[in-house]
Amino acid sequence: MSTVPLPADAEADPRVKAVFDDIRATRKTDHVNNLWRALAFDPALLEQTWADVKRLMAAPTLLDPLTKEMVYIAVSIANACSYCVHSHTAAAKVKGMTAAQHAELLSIVALAAKTNQLVTALQVPVDPAFDAARAA
Amino acid sequence: MSTVPLPADAEADPRVKAVFDDIRATRKTDHVNNLWRALAFDPALLEQTWADVKRLMAAPTLLDPLTKEMVYIAVSIANACSYCVHSHTAAAKVKGMTAAQHAELLSIVALAAKTNQLVTALQVPVDPAFDAARAA
Amino acid sequence: MSTVPLPADAEADPRVKAVFDDIRATRKTDHVNNLWRALAFDPALLEQTWADVKRLMAAPTLLDPLTKEMVYIAVSIANACSYCVHSHTAAAKVKGMTAAQHAELLSIVALAAKTNQLVTALQVPVDPAFDAARAA
Amino acid sequence: MSTVPLPADAEADPRVKAVFDDIRATRKTDHVNNLWRALAFDPALLEQTWADVKRLMAAPTLLDPLTKEMVYIAVSIANACSYCVHSHTAAAKVKGMTAAQHAELLSIVALAAKTNQLVTALQVPVDPAFDAARAA
Amino acid sequence: MSTVPLPADAEADPRVKAVFDDIRATRKTDHVNNLWRALAFDPALLEQTWADVKRLMAAPTLLDPLTKEMVYIAVSIANACSYCVHSHTAAAKVKGMTAAQHAELLSIVALAAKTNQLVTALQVPVDPAFDAARAA
Amino acid sequence: MSTVPLPADAEADPRVKAVFDDIRATRKTDHVNNLWRALAFDPALLEQTWADVKRLMAAPTLLDPLTKEMVYIAVSIANACSYCVHSHTAAAKVKGMTAAQHAELLSIVALAAKTNQLVTALQVPVDPAFDAARAA
């Protein structure tokens, strides 16, 4: 199911084909996953979203690729995005995440969620020492 | 403000004092931040929460300390926990996070939140290739 | 699957039948979708929920019907409610939402989610100019 | 701060005064808390919201008053609603919640948030045994 | 689907078998549900998670078992955890939750979510009367 | 407070000054609100974020400006972003949102949040009629 059509011939549109070709070349795989096929219902949205993802997640940046995937997974879990958890966990494994690293990542996400709730429940005032604007 | 008392003499309780002393020793600082002062309203909850945080965040584990803080920040942002964002951003800076790394972390969190929404909006079916249970 | 029974003969209960008949008449369709069939496990909850939805979403109000559906979709995405995203996207299409409008709606929801995360990450103080209570 | 005016003379409107008087009588207090003062910017919204809260939270129902407040607190924490956490924690204390009960409530909310994240991270398939629709 | 393997022979690992046996004995059932089977990919995470759940949810504590399950359901709904809603609703029914209690629980969760949104929309300042730190 | 410095002389950096000038020109105001001042800690992030917001929210697009602001407010409420709710409610009022429209917007957001919770609680299966992929 989906809220937009998932046409088999999406690449008949040259703008869609260009993005799909770039995904295949960038990721060195023939598999264009369903998110991109769904986004193809609007070529401009497809182009912009892929450009954002490619720039930050597929190109070398300050943070190493696996750290970036782990942060992405953490956010996707917190936002309860089933598809995103699946796709980024698979991507992290491709980038070398071991089962032990996966387990530790989950432990941290779960601990953070737990203490997030405690803090919100207690409505703790922020310590002045944490304020980065003080010295500005 | 807070939903529990924040008594100045919380350490009159020896269980609270033991945890606060361990926080000071472990973190090599005199500052016991407000979360722990608030949790002191229930010494058992204080002890368990500190034990969890100490084991995963203060002791050496598989992931490096800065990566762990960045994951913690990411989850705290997604859960809209103001205090947690403040405290863990401060902690990450102590552990060496530069302004450029901070900016890249925020870019990834923001990108993940953005694509999380797109995926949820499109209700994209999960690609069978992502299923880790297949080969089990 | 569901957490309550979905009996085929829910309309044997006259209170349920009255609501289902009103849904059919109001929406000019024979299709009573699964949400209402599930809510029928408690006729009072069914009646109250339909009354709320009918008053705000099915009757003419200040905002036009398509704007209301788009707001509803936006909230449902942010709350990660799969069923709600499906049902309200379908409803918005019935009310005339084009693919281009759909894409723009998703772009705005995604942008809002992105800047929401940035703002929460930065813990920006609210500008006094935004305070509506000042002039009261 | 607030996004709507908080006029001191809100009760000059008889519809607002009627709701405020009912809040005072129902709760046996002179204090009309800020939520209601803010909602007074739209008397119809004020009336409907108070009617909902009064029916479910102020009148006797199946669940006991303290259990209802604890559920309300739990949801408010999960939704990161600062004001709601404050107001319902205060209400629960008025209804007899002890510090030990408060601590246990927070422990359960925190545990649920933790396991919610683990489950979402693992994308565990639902056991058929949990399906209530089977026997329908 | 899942993001970790769900091997049929998970209990070949004695640490996993010990936890599964304790789950069966504690819950007086042969059914070890999928969450635990998925967590078995990391025996330490499995042991810690079950220890937390057993201590708080399976052992007698201050709050009665059904209240605890209802709070757990409420949090799981707010966090949009499909599996958790299924498993804890089933558990609550085993502990005696009637359809009428279920309906009232959902009414409270829905009302809380509704007023949470209104309060967040209005950005209502917290009443000083709600501050528990004042008297400390 | 904030997690990054808010220097008074941010515009000493020509990239920051260029963005601030464009914000002032685009919005026809001298007021550059705090979000942009905070984002200035990383000029690239500032430039990209403003480019996204300007393209979608400040330029003419398919949806009318007020509808866009209302969708933005709805998402910001659901994500519990205090600053965002303040800034976009103020922006919507500048674009003509009346108190009555504001109240109706909040009613819809609150109703959506309420039914989102009910649907998640019931785990209602999606009706096949809602599937947009069928006809693809």
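For clarity, chains are labelled A, B, C, D, E and F in written order, and residue numbers in each chain start from 1.
Heads up, the rule we're going with is that a contact is a pair of C-beta atoms (placed from the backbone, for glycine too) under 8 Å apart; a residue touches a chain by one contact, two chains touch by 3 or more.
Keep in mind it's a predicted model, so treat the numbers as computed, not measured.
Enquirer: What's the fewest number of moves from subunit C to subunit D, given that each move must go to a chain touching the current one?
Expert: The fewest touching-chain steps linking subunit C to subunit D number 1.
Enquirer: With a Cα-based fit, what is the angle in degrees between subunit C and its identical partner subunit E, given to the nearest 5?
Expert: For the C-alpha superposition of subunit C onto subunit E, the angle is 120 degrees.
Enquirer: Matching C-D on over half of contact pairs, by residue number: which of A-B, B-E or D-E?
Expert: B-E
Enquirer: In whole angstrom, how far does the Cα centroid of subunit A sit from the Cα centroid of subunit F?
Expert: 21
Enquirer: Just how far, in Å, is the C-alpha centre of subunit F from the one of subunit B?
Expert: That gives a centre separation of 26 Å.
Enquirer: Centre to centre, by mean C-alpha position, how many angstrom separate subunit A and subunit D?
Expert: Spacing between the chain centres: roughly 33 Å.
Enquirer: So which stretches of subunit F touch two or more other chains?
Expert: 1-4, 45, 75, 77-82, 85-86, 89-90, 100, 106-107, 109, 111, 113-118, 120-123, 125-126, 130-133
Enquirer: Could you please specify the touching residues of subunit B with respect to subunit E in the complex?
Expert: On the subunit B side, the touching residues are 1-8, 126, 130-133, 135-136.
Enquirer: If we count contacts the way the header does, which residues on subunit E are in touch with subunit A in the complex?
Expert: 1, 3-4, 41-42, 44-45, 48, 75, 79-81, 133
Enquirer: Once bound in the complex, which stretches of subunit C touch subunit A?
Expert: Listed in rising order, the residues of subunit C that touch subunit A are 80, 85-86, 89-90, 99-100, 102-103, 106-107, 117, 125.
Enquirer: Sort out for me which residues of subunit A touch subunit B in the complex.
Expert: Against subunit B, subunit A makes touches at 1-4, 31, 33-35, 37-39, 45, 49, 52-53, 56-57, 61-63, 67-68, 70-72, 74-79, 81-84, 86-87, 89-90, 93, 100-101, 104-105, 107-109, 111-127, 129-132.
Enquirer: Write out the stretch or stretches of subunit C touching subunit B in their complex.
Expert: 73, 77-78, 80, 82, 85-86, 89, 106, 109-111, 113-118, 120-123
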